[in-house]
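The structure that follows is given in the form of structure tokens.
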Amino acid sequence: MISDSSNAPLLTIRGLRIEGKAQDAWTPIVKGVDLTVKRGEVFGLIGESGAGKSTIGLAAMGFVRDGCRFAGGSVLFDGIELIGAPRKVRLGMRSSRIAYVAQSAAASFNPAFRLIDQHGEFPVLRGLMTRAEAEANAIELYRKLQLPNPDEIGFRYPHQVSGGQLQRAMTAMAMACRPDLIIFDEPTTALDVTTQIEVLSAIRDAVQSLGTAAIYVSHDLAVVAQMADKIMVLRNGETVEEAPTRTMLSSPRHDYTKSLWAVRSFRAPSRPDAEPPPPLVRIESVDAAYGAVKVLSDVSFVLPKGRTVAVVGESGSGKSTLAKVLMGLLPAKAGCVELAGKTLPPSYRERTKADLRQVQMIYQMADTALNPRQRVREIVGRPISFYLGLKGKALEARTRQLLQDMELDPDIYIDRLPSELSGGQKQRVGIARALAADPQLVICDEVTSSLDQLVAESVLKLLVRLQRERDLTYMFITHDLATVRAIADEVVVMKEGKVVEKGPKDEMFRPPHHPYTGLLLSSVPEMDPDWLTRLTAKNTMAVNT
Amino acid sequence: MTTLTRTLKGMPPTAVFGVAIITIYVLVAIFAPMLAPYSERAVVGGQYLQWSAEHWLGTDNLGRDMLSRLIFGARNTLAIAFFATALAFAIGTVAGLLAATLGGMVDQALSRFVDIIMAVPGLIFILLLLTIFGTGVGTLIAVIAILDSTRVFRLARAVALGIVAMDFVEAARVRGEGLLWIMRREILPNAAAPLVAEFGMRFCFVFLTIASLSFLGLGIQPPLADWGSMVRENATLITFGDITPLLPAAAIALITVAVNFVVDWILHKVSGIKD
Amino acid sequence: MTQITRLVLQRLALGFVTLLIVSVLIFWSVELLPGDAAQEILGQSATPETVTALRHHLGLDQPPMTRYAHWLQGITHGDFGTSIANGRPVLQLITGRLGNTLFLAAFAGIIAVPLALMLGIMAALLRNSFFDRAAGIFTLTAISFPEFFVAYILTLFLSVKLGLFPSISNITPSTDLAERVYRSFLPALALTLAITAHIMRMTRAALINLFSLPYIEMARLKGASPGRVVMVHALRNALAPIVNVVVLNLAYLITGVVIVEVVFVYPGVGRLLVDSVSKRDLPVVQAICLIVSITYILLNLFADIVSIVSNPRLMHAK
């Protein structure tokens, strides 16, 4: 359907304003954004949560989510105004001229229909293709997107196909009618890093070969840098700046953009050990299983006192299960966990109050980790009164002191409910609750992965400071190597329930690597627009030799 | 107080109507002896007297004052339904929370038991039990409460299972908190809203069941005034086009509509569905 | 297919076990009678002779296991025992009436189910419109009304005031179909009103539950019209809950029918059941409870199997 190869803009958004309903009042989400996408151009939209990037992506299709509305501006697609256009015009445009690729393909494919039928649904319905043509079209695109078994995969149901493959099948579906514009809404955010690479390069090659224009929405600058010709940075529904990708990376103008770039440079000051500290926790040949499914096998390593050990792995590696074993929530089938020379009973039910106090956990999702019906006072105060027996004024003073340590003003926050706190503040309350028990070992389970980068950095800094002050030992579970680089002393790499490699951080990041560690390290997107090109070239060469 | 006024302001007209009706009913039930012109049992005139200044709504099949019986009926019918619901709720909630929190064998045993009871239609089960134990207010409350508690159990368990899966409950467990604390402080406050709504719904259900049983002559027994039985006793009047026997039925309908409107509003608030 | 076959077989086995347990429960209900069952039934004034006779008649002088086996065996041959109240075989009392009741339930179901599904889908499609809100208030009101209230209102207007339909459903085995439909119109209408409201509300809720899911948003972003979103993308996935709702309400019909039968003096098992409960005619009550429970369990079994079979995750295993 690409008819015109001139440089006339394909999509022009002017003064776009969108409002959302919150507590019976309309509040602005997008506050007057302008953007222009030329034919065949890939336009990157980046920003943190609440920046309005997905909302703008959807608005480019003339769509707003339920509970939101257009409050002004214009969306001009190839000369057609989409805001306020009759429903027939808006709907007729979708699939055939503008298509969408969602964040979670697993949830966005209808579970009741085969992939290929969903692929051909609108081409056939609109009479653009026959059923047979639609199937041939799907298979051709599946091949182009490097899906395994392209001739057969489409005849499966969504739940029979893996996440990375679904994401590519969804891209193929978006390309079915050769649309002029495709909106990619964080298409790789839910994937593991090694899968992300495959999907990214498949999408990029397909977009390039079809010459389709695209809007690529992501919070991950390094990812957008691989895909986009031009990048726009958004914050709180407003444009911060816009520039060609290379210019944006090499010389960002705005302070906010610079701060986004700078996040990854945080490093906890390293501590050259004269002699390594004594071990606090010793994990010895631990096996664990959920029913008959074995999830950990022969896991052994040591957590030195006062140090941070990062446990790294992709989903399914068993890293979170390991935390459950340490907490006693999933009793080990074999092996044991020793804390300060004493073997801990496998189940938390058999552990003494003193044992339980020593091991505390900080959770990934602060939303589910804090009881929404308890105030900060009770959330933080309960472990203090439960373990240390403090009451009345002493309890109040201790609680306030802890909040102070978390950089939360007790006068403001002590009587708030979790719903009255921001994401970063909730995570700080979570940390306060863990430290209220005065533990020796703190397990941090992906504590920063649901936070925006700037907030994540401040939480990491807080954790490092608390560790120094209290001689805490951290087991830091994460999939994010940037976080590992920032704060780990030692690293344990896990894959499919086994420890693949372990050792001090500096050694892990220096070659030679274990092959899997090498793959993980090379899969982390870098702030270099040529990174993906180089990596795929290297991989192709490796395959050819 | 500000939150209360804000809540009231946001109420849809149906819910306001519901709250008003419930308040009136409760007041009538409490002050029945003061409001009713005659006693609920006394024969004060001839049978089936027409509406008059002396007997506003006429008299019933035995010559008792309809209005007085209607007023006392509010007291009897509401009180019995309320006690039965409260009992069902206490049993069902405690068992449901226990099943969800403890899991394993306790959950299996309780859930399978409830499955079996619920495999028999409720009214049928009640009729079977009433055949055996005979009719009487105590039996009625006990039988209905036990059967209805199975439905409360299912809801309480389902709601609690969702909460038990949350990290904050896990945190309380590994902190070493006891069962009672976890149920009372961690789970119950988060389950309160759906449970309150369920209380309203169960009340309606129990209320209608008792009314239906009384209508069939198997529920609240004479000479206690009760809306269900009043309809049955005077039903013949309807064939003469007299609407008096429909008044107690309308009284039943009105209170269930009112409670349902309020429940609907609570559920709407809880689910956070946007208009 | 192996997993799904296993699940269906499991469900069937569970249904069978439930049936058996329920039969035991119903049978053992006699044992629950405080003191001597025969004495209890006949009251304190009964002579010892009549009590002994009743004990023998009920088989109470034999061990429970023997009696249960005997009872179950009898039922499989259509022998439900004899009525205490009038000494006639229970089967004979029930047969004709059961047919009448099933006719009434089917009558109501045939009108209510298609109507309610249509209205429910429309309300979901036009959610938050005037139609949806009005339907919401109307159905909520309808489900709050006791059946006898609805039944008497219908009598008052359609029978007493307008004289369109008889207020008493006088049906005999010789009544022909047209006459039967005419005479049972009011009871059927009363039942229809009750279950239509229920099915409609729950159908709407099942569909609206799906609307917030990403694949429904995706369908809209692919350009599906609101009608197509509901009819193709949502309905297919709401099938299991909707079938459940329909079955639940059909099952409800068999109990709701009790009241309606009493109001319209309709010669069905519901009225027989009420009469037997007040006479404490245990063999009749037991037989009707068993029949109703079996129907109820089978209906639920059907709904469960539909929801297993309509789940693509189970139907098309990995």
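Residue numbering begins at 1 within each chain, and the chains themselves are lettered A, B and C in the order written.
In the analysis below, contacts are C-beta pairs under 8 Å (C-beta built on N, C-alpha and C of every residue); 3 or more make two chains touch, one makes a residue touch a chain.
Bear in mind that the values here come from a model prediction, so they are computed numbers and not experimental data.
Placing every chain at the mean of its C-alpha atoms, the farthest one from chain C is found to be A. Across A-C and B-C, the chain pair carrying more C-beta contacts is B-C. Averaged C-alpha coordinates give centres for chain A and chain B that are 48 Å from one another. Chain geometry summary: the mean Cα position of chain A and that of chain C are 50 Å apart.
As a whole-number value, the distance joining the C-alpha centres of chain B and chain C reads 22 Å. Residue positions of chain A touching 2 or more other chains: 66. Residues of chain A touching chain B in their complex: 21, 24, 66-67, 327-329, 348, 351, 353, 356, 359, 361, 363, 365, 368-374, 382-383, 386-387, 433, 437.
Residue ranges of chain B in contact with chain C, taken from their complex: 14, 115-116, 119-125, 127-134, 204, 208, 211-212, 215-218, 228, 231, 235, 238-241, 243, 245-246, 249-250, 252-253, 256-257, 259-261, 264, 273, 275. Those residues of chain B that touch chain A in the complex are listed here as 10, 166-168, 170-171, 173-177, 185-186, 189-190, 274. Listing the residues of chain A that touch chain C in their complex gives 58, 61, 63, 65-66, 87, 91-96, 99-100, 102, 104, 107-113, 121-122, 156-157, 159-160. The touching residues of chain C, when paired with chain A in their complex, are 211-215, 217-225, 233, 236-237, 312-313, 316, 318.
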